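Paired with chain B in one complex and with chain C in the other, chain A is shared by the two complexes that follow.
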Partner chain A sequence: MSLRLYAIGYLIFLYLPILLLPLFAFNDSTIIAFPLDGFTFRWFVELWDTPALHDAVRNSIYIAVLTAIFSTLLGICAARAAAKYEFPLKRSIMGLIMVPLVLPEIIVGVSLLVVVVQLLQWELSTWTVVGAHVLICTPFSIAILNGAFQNMDTSLEEAAQDLGETPFSTFRLVTLPLVMPGIISSLLISFTISLDEFIIAFFLTGAEPTMPVYIWGLLRFPQKLPAVMALGTILVVLSILLLMVAEYYRRRGLARAGLKDKGGFL
Partner chain B sequence: MAGALFSGQTRSGLLLVSPPFLYAIALLAVPLGAIVLFSFWTQDYLTLVTTPTLDNYREAYIEPLYGLLLRRSLMISAAVTAATVVLAFPIAYFVSFHVRPERKSLWLFLITIPFWTSYLIRVFLWKVILGFNGVLNSGLSGLGLIDEPLTFILYNANAVVITLAHAFAPFAILPIFVALERIDRSLIEAGRDLGETKIMTFWRVTLPLAMPGVVAAVLIVFIPTIGDYVTPRLVGGPNGLMIANMIQTQFLKLNNAPMGAALAVIAMLSVSFIALLFVWANRRFLRVKQ
Partner chain C sequence: MSGPIIALSGVQKYYGDYHALRDIDLDIAEAEFFSLLGPSGCGKTTLLRTIAGFEEASDGRVTLGGRDMKGVPANKRPTNMVFQSYAIFPHLNVAENVAFGLRKRGLAPAQKDAKVGEALTMVGLDGFGDRAAHALSGGQRQRVALARALILEPKVLLLDEPLSALDKKMREQMQGELRRLQRQVGITFILVTHDQEEALIMSDRIAVMFDGRIAQVAAPQELYRRPGTRQVADFIGVMNFLPAKASVSGAKITADIAGLGHATLGVDQCPGGAASGAVHVGLRPEMVTLLYYVEAASGETAAGTVAEQYYYGDMTFYDVALAGLETPLTVSMKNVVGRPVLERGAPAVISWDPRALVLFSD
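Moving on, here comes the complex of A and B:
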């Protein structure tokens, strides 16, 4: 019983910052502190009237969509290879691909910065951010897709091949529909990670900032903070919606494989 | 050639894994090699001197600021890891042992949601919570528990520890939860049947069996926290800055990439060394218990 109380207290600790966001977003005062001053929509209107923010959001969505597609494609390759085949150095190869999961993000950021700017002497651009985000999102895609591929009944594929389908049409007609929920879940999670990623993007972003880099700039100006709270509120609502959809598909994937749900994304 | 060496299955596997593998080589292994290489070069204003030298490492050793930042970063990371894992274990235990099976994924979902939402703004809000006129202080003084605002909770290392422990919570909970789920419940019943108390059963059966999860949690929290520069910058104040802030400054402000690279290598080596030491110590701990 006391353990349950502790768990509830812990959830409050986890949700405390998120719960404060809407309070300050609708608060009619430029100071982010209690007591609250009354209700207003003006910070949301201010967001609507800031073209630089719209550019940053557009840029971030573009990066996040590309990241989601590429990391899911790479994740499909790796998860499929790990589930179906044995090959030499399998553990080392999979280990290397999963390393970004534990590597400090600043290391990924500076090492790519050195290669791109100093060694190759390319310009930083949207693509350098995409490259790094695909690297850090692929392990998450693999973790999600592993579930989908490893739980798949391989006799279904064998049956399709026995009935005369080519390996490619088997993949398209049998395998893909079975793992589709995992793929959708992976796309949404990669999208969410990329959209929110700051540490690496700060090093690798070019002339056009991503949304977190733009927010970072705003944090220095006290008069901009209420608008940041409003933006944060919108982002929290949107990412919770995205995650709920991702979770729905992940569970559907497990159900399709005839399995009991054993837990979260990781 | 490859056909003679490998069977068809092996070849298909290698072919399939090669896109993500080559991607990791090109964007991870090669850049990490480049960082190490860079750390042996030097920057002379705008030109990069590519004669190999240990100058950066020597400077990192001599200049007290670097040593101070590194020691502080390792202390903060260790404190964050300890706080996160100790606070997380009861939650993982609760969800694994006391929550009904069909509701477990709901709990895990609730625990992971805050982790996916706007990292920068979350860190910033801790500044609002912990500040002089912040949520915590006005709440406590409103309840009459304190007369003057608490000042030891913002713009120092404590604030960094609290904020990072919040940010990394799910990273610690999930591996411990997975390890606890794998424990065969009949082992715990056996411990109880053989006359152990509840606490001794936990200490001699549950905890050793959960240890792989705890180790994974420690590593997955300890290693990445050393690389965070946002939290120290926003809530750390001057005495809460960490080595990652210095690495960032060397690269982006001082334009001294080789020195930044050397500091990055030193930070990585220190963290890896401590992580390996921990894994080794844990093996000893488990062996003693057997």
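Moving on, here comes the complex of A and C:
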């Protein structure tokens, strides 16, 4: 009984702040406070009429897509090498690749700024953000893909070669389909990380802000706050949809491979 | 038939400092059922993988059908393999698995389907084509793996401990089926196994391996009756080793055997070569008879006591202590009607035939 109470309390603690988002997004008042006023779509309409926001969202999605692709490609190479080959200092190298996972982002952001602006003397742009996001997302991709590659029986690849396939066609016909759930997970997770990453983007962004940087800019104007709530609501709904799609593919992958479902997101 | 289908000469394999295959010379004939038998780590799987092309020999020559295989990758060799884990592709169904190797043959879909159907019929999996790979039992996976390899009509089929994952009943059934299949398709099968019984049942010839070396190559009966070394004799079945003093005189060897007394052996009873001095003489438990009132003595006899008794149901094994012999002699007797099971401490007379003895120089 007490365990159930604890679980309910925990869920309220986790989700109450997020539940407040839609509440105030549809509230007909510029002040974020109870009691609520009437119901309105005005904040969503305001979002629709803000071109600067559209540019920021487009910019963020562009960066997130590129980041997801690059970090997943790097992750595939690293995870495949770790699963298939023995090389000197393998453990240390794999460990070092994972370090950005635990480095404070503020440190990474500042040092990257120094490197890019002072040492390389590049101009800050969308591409510097992409580069930095690939740096922080690759460890996540490697961690996810490592699992996928390690779980695969190496005799499956040997069997394909034994049946006449070249190493390349073996990768395409056997390895790739079997690690596909891992690749989709890696793409989705690095996409999500990049999309809402603020600190590094704040340091390295050029003339075009990303969405989190733009939202941060909005906070200086209290009358814009309900619009931010509306934007947040849309993002929460999109995130849940995305997660459900990812989970659907994960379960389908498991069923096809005939594996038992152990956990997952939902 | 022209020459062996597989010929290995002077094959060596090193992993760093580890010498995995030592000086392997082996000829395997066409349509032969050949087994590589040995304890785990003896190099039998490495040898099979060297033939398949998954490992490159560090030195020596491997020829398949008269063609030197140096630098030829696994996908270009006329061999196909059944893996220990079966390696059924989990994302494909049974028919897609079986048809996998046909991709590069450029067959019309109808031809392909016909071939897949034939292959599935051959292994007794008619109508299983649409099954998902994970919906198969161990024995069925094994059959899919066989069909997938045999559909390509390889010159040699390689089997890496294919039955070790099956339960006893299933294993015995598959042993018979593999043998039948090999006769039916008429190609060379090379089986890797650590199970001596399995090797004896299925093979035309067996190579016994220890520590990366081939200790003996022989047909099952010869291997069992006349093992070349004590190590081989110890690995195949059960064998008593009795210390003895031997002296060679012409084509005869006389031996003074601890516990059994004097015996005369022919040179055919010394497969590892005749030797004088301190030797060992091998005697299989079933070649010794415990004399009850129903048994008549054949050959020599000796008297002793039952030191221990092991009842197996169909058989009883006895350890019989004999005067002058340090470790008791193991004797096996079939449990037939009218033959009682002797208890520990009972006096026992054994009878043995000198023709069953094997002499080992070490």
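As a convention for this text, the second predicted complex is superposed on the first by the 247 of 266 C-alpha atoms of A that agree within 3 Å, B and C clash if a C-alpha of one lies under 4 Å from a C-alpha of the other, contacts with A are read in each partner's own complex, and residues count from 1 in each chain.
Going forward, contacts are C-beta pairs under 8 Å (C-beta built on N, C-alpha and C of every residue); 3 or more make two chains touch, one makes a residue touch a chain.
Being a predicted model, the structure only gives us computed values, none of them experimental.
Novice: So, on chain A, is it clash or fit between chain B and chain C?
Specialist: Fit: chain B and chain C sit side by side once superposed on chain A.
Novice: Look at A:Ala207 in the shared chain and tell me whether it touches chain B only, chain C only, both, or neither; answer first, second, both or neither.
Specialist: Neither partner.
Novice: In the superposed arrangement, which partner chain does A:Asp162 touch: chain B (first), chain C (second), both, or neither?
Specialist: So A:Asp162 only meets chain C here.
Novice: In the superposed arrangement, which partner chain does A:Gly75 touch: chain B (first), chain C (second), both, or neither?
Specialist: first
Novice: Tell me which partner touches more residues of chain A in the superposed arrangement, chain B or chain C.
Specialist: Partner touching more chain A residues in the overlay: B.
Novice: Using the superposition on chain A described above, determine whether A:Leu5 touches chain B (first), chain C (second), both, or neither.
Specialist: Once the two structures are laid over each other on A, A:Leu5 reaches no partner at all.
Novice: Please indicate which partner A:Phe198 is in contact with in the superposed arrangement: first for chain B, second for chain C, both, or neither.
Specialist: In the superposed model, A:Phe198 contacts chain B only, not chain C.
Novice: Looking at the overlay, what does A:Asp153 touch: chain B (first), chain C (second), both, or neither?
Specialist: In the superposition, A:Asp153 contacts chain C only.
Novice: After overlaying the two complexes, what is the shortest C-alpha distance between chain B and chain C, in Å?
Specialist: For chain B and chain C in the superposition, the minimum C-alpha gap reads 9 Å.
Novice: Same chain A residues contacting chain B and chain C, which ones?
Specialist: none
Novice: Sort out for me which residues of chain C touch chain A in the complex.
Specialist: 52, 54, 73-75, 79-81, 83-85, 87, 89-91, 100-101, 103-104, 132-135, 148-149, 152
Novice: Which stretch or stretches of chain A touch chain C in the complex?
Specialist: 153, 155-156, 158-166, 173-174, 177-178, 256-259
Novice: Which residues of chain A touch chain B in their complex?
Specialist: Residues of chain A touching chain B: 3-4, 6-7, 10-11, 13-18, 20-21, 24, 32-35, 73-75, 77-78, 80-82, 84-88, 90, 93-94, 96-97, 99-108, 110-115, 118-119, 131-132, 134-135, 138, 142, 192-193, 196-199, 203, 212, 215-216, 219, 228-229, 231-232, 235-236, 239-240, 243, 247, 251, 260-266.
Novice: Flag every residue of chain B that touches chain A in the complex, lowest number first.
Specialist: 6, 9-10, 12-14, 16-21, 23-25, 27-32, 34-35, 38, 48, 87, 90-91, 93-95, 98, 101, 104-105, 107-114, 116-122, 124-126, 128-129, 131, 133-135, 138, 166, 169-170, 174-175, 177-178, 181, 219-220, 223-230, 234, 244, 247-248, 251-252, 257, 260-261, 264, 267-268, 271
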